[in-house]
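Next come two complexes, and both contain chain A; in the first it sits with chain B, in the second with chain C.
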Partner chain A sequence: MISIIRANKLPTAALLYIILLIITGLAAPWISPYDPFHTNHQQKLLPPSIAHPFGTDYLGRDLLSRVIHGTSESVFPVFIVLSVVMLIGLLVGTWSAFLGNKLDMLMMSLTDIFTALPSMLLTIVVVGFLGFGMENVYFAVILSWWAKYVRIIRGLIHDVKKEPYITASRVSGAFGLRIITRHMIPNIMPQIGTMLILDVSKVILTLSGLSFLGIGAQPPSPEWGVMLLDGKNYLQVAPWMGFFPGFMIFLTAASFQIIGERLRRER
Partner chain B sequence: MLRSMIHRLFMLIVTFVLFSLFVFTLMRLAPGDPASMLLLEIGAVPEQSIVADLQKQWGLDQSFIQQYLAWAHHVFQGELGHSFSSGEPVLSEMIERLGPTSKLIASSFVLTLFISIPIGIWMGLNEGTMADRVVYSMTILGLSIPLYWLAILLMYTLGVIWPVLPVVGSSTIRHYILPVTAMTLVQSVYFIRMVRSYTIQYSKFSYIEAAKTRGLRPSIFYPSYLLRSMFIPILTLITTSLPSFFGASIITETIFSFPGFSKYMLEAIFRRDFPVIQGSALFVAAFIFVFNYMTDLLYFLADPRVHLDKQRWEV
Partner chain C sequence: MLEIQRLYKEIHGRPILQDIHFGIEDGESLAIVGESGSGKSTLAQLIMALKQPTSGHIFFDGRPLPSKGILSYREWYRDIQIVFQNTGSTLNPAMSLFQCLEEPLINFTRYNRAERKHKVLEYWGKVGLNENLLRNRPGKLSGGQYQRACLAKALLTRPKLLICDEMVSNLDVLLQQQMIELLISIQKEQGLALLFITHDLTLLPGLCSNIMVLKEGKQVELFSTSALYDEAERDPYTVTLLNSSKMFETAWNQWT
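Right after this comes the complex of A and B.
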């Protein structure tokens, strides 16, 4: 155990950070020093100090408390979005791999369209017509990510189909769904898991980016992208307002990236 | 060749029709009935009979397919309607704003290629050395830097602390420096990693090994052997990353108050300006589909072994 940690100092640190982050997100109301929504005009735009380690914003709200409270809103949706994407990928991808030539090709042409289009474009179209609100934003992000997972899972299942152990299980009498759920999917899980972890950092950047653009979470939410947008407007007088939320986005994305890279090297 | 080109062209049209159907469906799903919304806007009571009359006049009582066909008939003739907020034709408003955006995207695209191809090749040829490993670890972190944060940091250091560059607008070349730098830095990280892995993969091929063993001059070896054989993967990289350049341009233009197309498109959703959203979405999609079509043709010119009949995921 210790030797594993010693050989992987950075990935271990990243993992610890993520565990800490999740705890912070769940325990935010108990560990944040101040109320994240409490405004105090005597204390606005204070630089970082011992009382306010991250400083205060233009309404005198404590930025550390806001960053802590923003954790759940900035990080947890990513897991929901990616779970849905993976579920669609597993269902449609496996299904497509077993379809006949024509239907499979149709499915792949459909994924071709969605992978060719910028995710930002899909988001703008969905949010533009259906209106603001987080459900629409999640829907848009899922819409631009599902195709990638369908294609990759379809490809993996295709490769696995030819493996001797699948033939063996078929010969021993297993069939249909059982082969898929017991033999195929567990065998492609390591690849999918690695991809998911690497994509967590991309989806964090996407979702916070949308909030930064004003499409996702809305003020006074302490979502990190929203805070960064506030920080941008006060760049000249209070640069710390934008620095800390942005740094948290970077640190979180980087942690998942480091772990994902490490897992990829393993394969 | 000609047959597969026509096949691809057919697919291009089908793709675009499917996308337009998607946009139309979303538009129809938009909350609110246009007839009663208009009546409320002019202060009238949306009475059932008037609403029904208006719906009949606008063709809203027809079937979904009929409505789509009527709409598509206009759109495919280039009639994208008028902006709700300015009243100007969407098409001309879009064309006005294309200049700054295309300059922004094109210059960061070219810069990205100029930066990442040499660095990526150098890293790939020195795979496993200390220098390669250090730069590679840096790219892992680089992938996680949010573009919007990087742009703000650049804005702060070069616009506020040490104010040498303008941070708002697009009137002079100097206005382009910060936005292009931000976009190029973020995109280069990804490109460097990809070019590095292509180099590792391609330098193992026998004809590259042979060329190296023959002691070819670097001025011949790099351009006509290594880069020539990596042309197709790099072309794929360029095609597949065009969407991300578009996404990056939306963020960059917003941060630097750049009066371009991407910002125009984003702002339309805050005003719920449906004709603008619809027009610019169709325009961007058409541009990307046509761009993909053209690069498909380039594949064939670059490597006659490529069968255009085959779909891309099979190659």
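Right after this comes the complex of A and C.
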């Protein structure tokens, strides 16, 4: 165990950070020192100090409390978005590859259309139609990501389908859904898992990027992208307002990337 | 029991098997011999309903070859099992060996978990493997152990007919001999019918009672194993096959 940690110092640190982040996000109401929405005009734009480790913003709200509360709005939705995307990918991708022929061709043409559209543009168009707000952004992101997963999972299943153990499992009496769930999916899980973790950082950046552009989460939400947008206006007066949320986005995205890269090397 | 009538198979317009006809009775053992590309493996796949014949019929106990419907396939595979050529990937690499072996029992029988475990252990021991190996993934096994595991898996549901497709071809000579002996003892014990597909004629005496020779998808001859060395009666092609395996023996004797 210790030798594994010693050989992987950076991934271990990244993993610890993520575990800590998730615990912090879940325990936010109990561990944050102040109410993240409480404004106090006597204490606005204070630099980091012992009372306010990350400083305060232009309304006097404590930035540390806001960053802690922002975890559940900046990081957790990513897991939901990716779970939905993977679920769609697994359902559509496996059946498409498993059944083959015309349905497969139709599905692949459809995913071609979606992968050809630039995802940022598609997201902005969808949000333009549905209106601002986080729920619409999640929907838009799912819409621009599902095709990639369907294609990749379909490709993986297509390869696994030719393996001798799939033929052998037929002879052992496994058919249809049973072959898919017991023999195909477990054998593509390592690849999908790595891909998912590598994509977490991309989705984090997309979601906070959209909030930064003002089409995702709306103020006074403590979402990190929104905080970064607030900080932009006070960059010269109170640089800590932009630095801390920005640094959190960077650290979180980098951690997932480091773990993903480590897993990819494993295979 | 197994009845094959006027079987033809074409793949992309190229004939692979032409006019194959033979039968196997209860407890009988037949060897199918031929060089690479003679259609031996295609024949095995046809009997296992993994491919459908272009024309001709395959019957097992009067039932025709299944072509659709999971139930008819299940019924077919309950009676006929196969051990594939040793390629090291016929067991699911994501499962433990116990799960791999449990698979046919889950699909074909109504045994509960304890009964399944008991059965798996029984056959695992029968093929001479150590119980501790069951927790491992298939990738941990050596070539000989792998084929034994596949054999155990095929035998678990007590099929009436076992097809061995080049089962020992990738093993070294000593392991080949052990596997053949194991097969003979299991066949005697269970009264199993055997279809043994190989390119090596020298393996057959003692194991199979009859031999069918295939050449380029055509049936050359079908004869009793006791007449194998009777060169006057054998087809010239059979003699060539036999001599080619003898040649290795002679070369070996000259070297040592």
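Rule of thumb we're sticking to: the second predicted complex is superposed on the first by the 265 of 267 C-alpha atoms of A that agree within 3 Å, B and C clash if a C-alpha of one lies under 4 Å from a C-alpha of the other, contacts with A are read in each partner's own complex, and residues count from 1 in each chain.
One rule holds for everything that comes next: a contact is a pair of C-beta atoms (placed from the backbone, for glycine too) under 8 Å apart; a residue touches a chain by one contact, two chains touch by 3 or more.
Keep in mind that this is a model prediction, so the values were computed, not measured.
With chain A superposed, do chain B and chain C clash or fit?
fit
Mind working out whether A:V125 is in touch with chain B, chain C, both or neither, as first, second, both or neither?
After superposition on chain A, A:V125 lies in contact with chain B alone.
Quick check on the superposed pair: does A:N187 touch chain B, chain C, both, or neither? Answer first, second, both or neither.
It touches chain C, and chain B stays clear.
Using the superposition on chain A described above, determine whether A:E163 touches chain B (first), chain C (second), both, or neither.
Touch partner of A:E163: chain C, not chain B.
From the overlay on chain A, compute the angle at chain A's CA centre subtended by chain B and chain C, rounding to the nearest 10 degrees.
100
Specify the partner with more touching residues on chain A, choosing between chain B and chain C.
B
Kindly classify A:G133 by the partners it touches after superposition: chain B alone (first), chain C alone (second), both, or neither?
Touch partners of A:G133: none, neither chain B nor chain C.
Just to be sure I read the superposition right, which of the two partners does A:P47 touch: chain B = first, chain C = second, or both, or neither?
neither
Of the two partner chains, chain B (first) and chain C (second), which one does A:Q257 touch, if any: first, second, both, or neither?
Only chain B; A:Q257 stays clear of chain C.
On the A-aligned overlay, A:A116 touches which partner chain: chain B = first, chain C = second, or both, or neither?
first
With both complexes overlaid on chain A, does A:S172 touch chain B (first), chain C (second), both or neither?
Touch partner of A:S172: chain C, not chain B.
I'd like to know which partner A:P29 touches here: chain B for first, chain C for second, both or neither.
neither
Once you lay one complex on the other using chain A, what is the shortest C-alpha distance from chain B to chain C, in Å?
Taking the overlay as described at the top, chain B lies 21 Å from chain C at its nearest C-alpha.
In the superposed arrangement, what residues of chain A touch both chain B and chain C?
Overlap of chain B and chain C footprints on chain A: empty.
In their complex, what parts of chain C are in touch with chain A?
48, 50, 70, 73-74, 77-78, 81-82, 84, 87, 89-95, 103-104, 106-108, 153
List the residues on chain B that touch chain A in their complex, please.
11, 14-15, 18-19, 22-23, 26-27, 29-31, 140-141, 143-149, 152-153, 155-156, 160, 240, 242-244, 246-247, 250-251, 254-255, 265-266, 268-270, 272, 274, 277, 281, 284-285, 288-289, 292, 311-313
So in the complex, which bits of chain A are touching chain B?
105, 108-110, 112-113, 115-121, 124-131, 151, 155, 201, 205, 208-209, 212-215, 225, 228, 231-232, 235-236, 239, 242-243, 246-247, 249-250, 253-254, 256-258, 261
State the interface residues of chain A toward chain C in the complex, per the touch definition above.
163-165, 167-176, 178, 182-183, 186-187, 189
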